[in-house]
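Consider the two complexes below, in which chain A is the common component and chain B and chain C are the respective partners.
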Partner chain A sequence: MTVIIDKTDLKKKYKKVGYYPGCALEGSAIPYDKSTRAIGKALGLELVDVTDWNCCGAMEVKNIDPQVETYLSSRVLSNAQHKDKMDVVMAPCNGCYKNLKQAEHELGHNQKSRDVVSKISAKAGHEAYESGNVETIHALDWIKMGYGEDELRKKIKGGLKGLKIANYYGCMYTRPRNIFPEKAPGAGGDDLIKPHYMDDLLAVAGAENVEFPLKTACCGGAHTLSDRDMSTKLVLNILEAAEAAGAEVIATECPTCHSGLEMHQIRALKRLSKKTNVKVIYFTQLLGMAMGLSPRKVGLNGNISDSRGLMKEKGIV
Partner chain B sequence: MRSVAQLEAYMDGAKPDINPAQQAADYLLVGEEMLENWVTAQERVPTQDKKEGFRILALHRQGCKGEPSFNACRETCRELAYFYNLIILEPDSEKMTSRLAMMDMVAKHLVLFIGNKMMDDQVGEFCCSSKVNRLSREQMETKVGVNNG
Partner chain C sequence: MAIHEKSLIRPENIQTHDELIIDGIDVSGDWSTFIHTRVVSDYNEDMQDEIEALPGGEFIHRCWQCGSCTNSCTVNAENPDFNPRYWIYLIRMGMEEELLRDKDIIWQCVSCNKCTSACPRDVVPEGVMKATAHWMELKGHTPKSESHIFDEIFTHQVIKYGKIEDSEVLRDHMKQTGRPLMQDWFVQMVKNMMKGLPVMQLMRMGWATVFHPKTKGWASASAAIAEHIAEEREIERKALGITKREPDVNQLDAAE
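Let's look at the complex of A and B:
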């Protein structure tokens, strides 16, 4: 089924959304959370934290029981709908975003999933979520469609001053295809094969986006515990490709990718004696600084990849 | 067909001094051979078909059957085809050196990704539509065998 996006209504619709930070943004990705909230405030977009949210089921649960995973994500959507009276939930983490989308799809297409969710929800004492009541969006959709590039341009102060950026979306922003009907060709959403929303937003902020062929390639995040050396090699290849493309910064929009890039950049130096200098920064941090927010306000000091020197050198802060 | 270890060693080593078109064809072949290894490991016969003019894309599609998470390398395969086209169709481009360097890294990524997938098969993963450990292969093929990636 192809869903055609009604862009005219989105600015109104996304002005106030439910916010689902997920576990990463309260832990390893605090700077992503901080910068997302900061730019929301600066742009006048309101975030309402989903009441009593829980794990989306992204990691271990899916390998044990995918229907429990669907339930976990459905509970987040149920709370957003029934407790917070929201019809849109924004999830900045690719894992959460993908899982909520997947739950939406499952509940719309699979009777068994509906039965399981209904049964567990009743047992847990809350209303079961029914597909079609809450729209899940990513932070990229939120700003690109909910605020708009023309409006964003007016908010840019110092800008990114030609900072060369490789935009890295990771594997889950566009996969699996069937759960993102709005990204199907002609539907009006981002591109499944070559996503560009982050490129578009950072270009508005004054960045120079480099051609980066590994923008949706695997970062090895899943294997970082089972085979760290392989993850290090995958990340090193991404970092080296970004540098070869001329990038000074890799912009990220997924906390798993971001942490992987930062940690394995250090590990590649220690274990493989391979040094790369490209900095890893969340796109929300870059947008915030382009809008004149201080590095501290967007949590730049919380990143492992220390980009404060580069930002000063480029005159961005 | 070279083994995974041979392909990894090839990508890690110095490349032969050949013209760009041959080098591009070589990288494409590395991708195809990695996919052949993957398909063969799934106890299937690698296809000789082409998709959009490229065998690598047909092999990738074949490799996804029953394994939707394998789609995480779909764009990597497409990028190899893209760089191959650029190098062949614009032989005098001033960007030739950088295009070859990029194609090298894209090919390397595919080799690393598939090599890793082959080691970690059945472990379950954090990428899209990962299969479920407790299901048998037969169940997996009927449940998630449709290529949704």
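Let's look at the complex of A and C:
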């Protein structure tokens, strides 16, 4: 199936979307939630929280039961469609985003998934979600397609002043490939192999994007606690590659990646005596500051990786 | 050389004499290198079917051994013994003894899905790794991995509340794996966050630790999910011929 995106229509379509923050954005990634809402407000993009949403199951529930994982996402999509009358749901968390996409794919292709979802939905007392009714998008799509780079340029106040950034997309924005038909070659979405939406937006905001070879490398997030030493090694690869590429900041778009980088940057110092200075900042925080929002407005002071000094030094805030 | 025959050249299967003369010819050292013949007769003919019956293992039969999974693997780059292609081969051949040599590292798959994206046959090697690690545990070859413990804690919270709370997952995992929470890196993380004085954020996080976030109207979904998991577990147990009952995530509530 080839999906050709009609870009002219998206500004209207994404003007008001269902918002699925997910558990992380209410816990360890509060700054990501705060900055996402802040730039939505500043750009006049309306977010409607999905009514009574539940956890998507992240990377864990599928190992216990994949059909339950599909059900969890289907309930979120069902609520967005039936309770909130939305045809688009925006998820800033890569885990949530991937799982909603995966559920959409499963329900479109797998009879067992459809059977289990309709069985559990009936018992749970809500309408079973059927594939094709709600479009899931990432916060990157939301701004890049829903607002547009030319319009965004007009909103930049001060900008990022040539800040050197390595854009880090992680695993679940592009993998597994089969659940992202809009990213297939020629389909008009972001690139599966070398994604660039975050690069594009931050370039508009005045950043200097460095050539970063580990854009879609894995941070070991799924095992950040259970296989700590492996995660520390994987994160250290990413931090060191970013520094070698000349980056002062790693821009993130996933709460698991973000907290993994922050946690294992400290752990690498404590356990391996490897010190790295590159700062870890959500792309929404960077965009917000480039638009003139204060560091507090985008929750910069809530990050574990303290970048306030660097932002002042660069004259960004 | 077929991929499994690399076992033939393991040190214990190679014989070399430092000093050996046969029919007046000196064949000392490398000249007398000899590989023990190995006859494989203990194929486990059920292994592939059993792993296929577990979540994630469904498509293992599609594999045609191209090696794209191992080639793209995140963990393989750090540890060459982590070799999905080789393990899939062994499972399909039924070479259980060889597979068991690597039993303690199979659970280390980080689910980055590079293999799933690279695979031309849609085997979903990531799922196969999870199913294989799960099979090892169900068959009693390995204890429950830290990763599986994490999955259970997480799933338990989702079923019970509809949402998870990060710090509770962290605390429970540290507790169940017998590690102190106050590790140097953890203390440093908390200190770093406090430094910025994000008052509202700390209040929200504190509130969530006391009052676990819940999904409104979740009770009926919770019961339906628990029921479904119990049914699936029963099917799995039958497929693997297991009669012993392990406590399930959905039964943990009763134990609390």
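Criterion: the second predicted complex is superposed on the first by the 317 of 317 C-alpha atoms of A that agree within 3 Å, B and C clash if a C-alpha of one lies under 4 Å from a C-alpha of the other, contacts with A are read in each partner's own complex, and residues count from 1 in each chain.
Here is the rule we use: a residue touches a chain if its C-beta (ideal position, glycine included) is under 8 Å from a C-beta of that chain, and two chains touch if they have at least 3 such contacts.
Everything quoted here is computed from the prediction, not taken from an experiment.
With chain A as the common reference, the superposed partners chain B and chain C clash.
By the touch criterion defined above, A:Tyr71 lies against chain C but remains apart from chain B after alignment on the C-alpha atoms of chain A. Contact with chain C, but none with chain B, is seen for A:Glu262 once the two complexes are overlaid on the shared chain. By the touch criterion stated above, A:Gly315 is placed in contact with neither chain B nor chain C. Of the two partner chains, chain C is the only one that A:Gly27 touches; chain B does not reach it. Within the superposed three-chain model, A:Pro185 lies out of touch with both chain B and chain C [touch as defined at top]. Applying the stated contact rule after C-alpha superposition, one finds that A:Lys270 touches chain C and leaves chain B untouched.
Of the two partner chains, chain C is the only one that A:Lys119 touches; chain B does not reach it.
In the superposition on chain A, A:Asn303 makes contact with chain C only, not with chain B. More residues of chain A lie in contact with C than with the other chain of the pair chain B and chain C. Contacts of A:Cys55 after superposition: chain C is touched, whereas chain B is not reached.
Listed for chain C are the stretches 8-16, 80-88, 152-160 or 242-250, of which 80-88 clashes with chain B, judged after superposition on chain A. 58-59, 62-66, 171-172, 175-178, 217-218, 220-223, 226-227, 230, 233-234 are the residues of chain A that lie in the contact sets of both chain B and chain C, per the superposition on chain A.
Residues 58-59, 62-66, 95, 98, 171-172, 175-179, 193-194, 213-218, 220-223, 226-227, 230, 233-234, 237-238, 240-241, 244-245, 256 of chain A touch chain B in their complex.
Only residues 23-24, 26-28, 30-31, 34, 52-55, 57-68, 71-72, 75, 116, 119-120, 123-126, 171-172, 174-178, 192, 217-218, 220-223, 225-227, 230-231, 233-234, 262-263, 266-267, 270-271, 299-306, 308 of chain A touch chain C when the two sit together in their complex. Across the interface of their complex, chain A is touched by residues 55-56, 74-75, 78, 108, 110-114, 116-117, 122, 124, 126-127, 130, 134, 145-152, 154-155, 157-158, 162-167, 170, 173-174, 177, 184-185, 188-189, 192-193, 195-198, 201, 204-205, 208, 213, 215-218, 220-221, 223-225, 227-229, 232, 249 of chain C. Put simply, chain B touches chain A in their complex at residues 68, 71-76, 78-79, 82-83, 98, 101-102, 105-106, 108-109, 112-113, 115-116, 119-120, 123-130, 132-134, 148-149.
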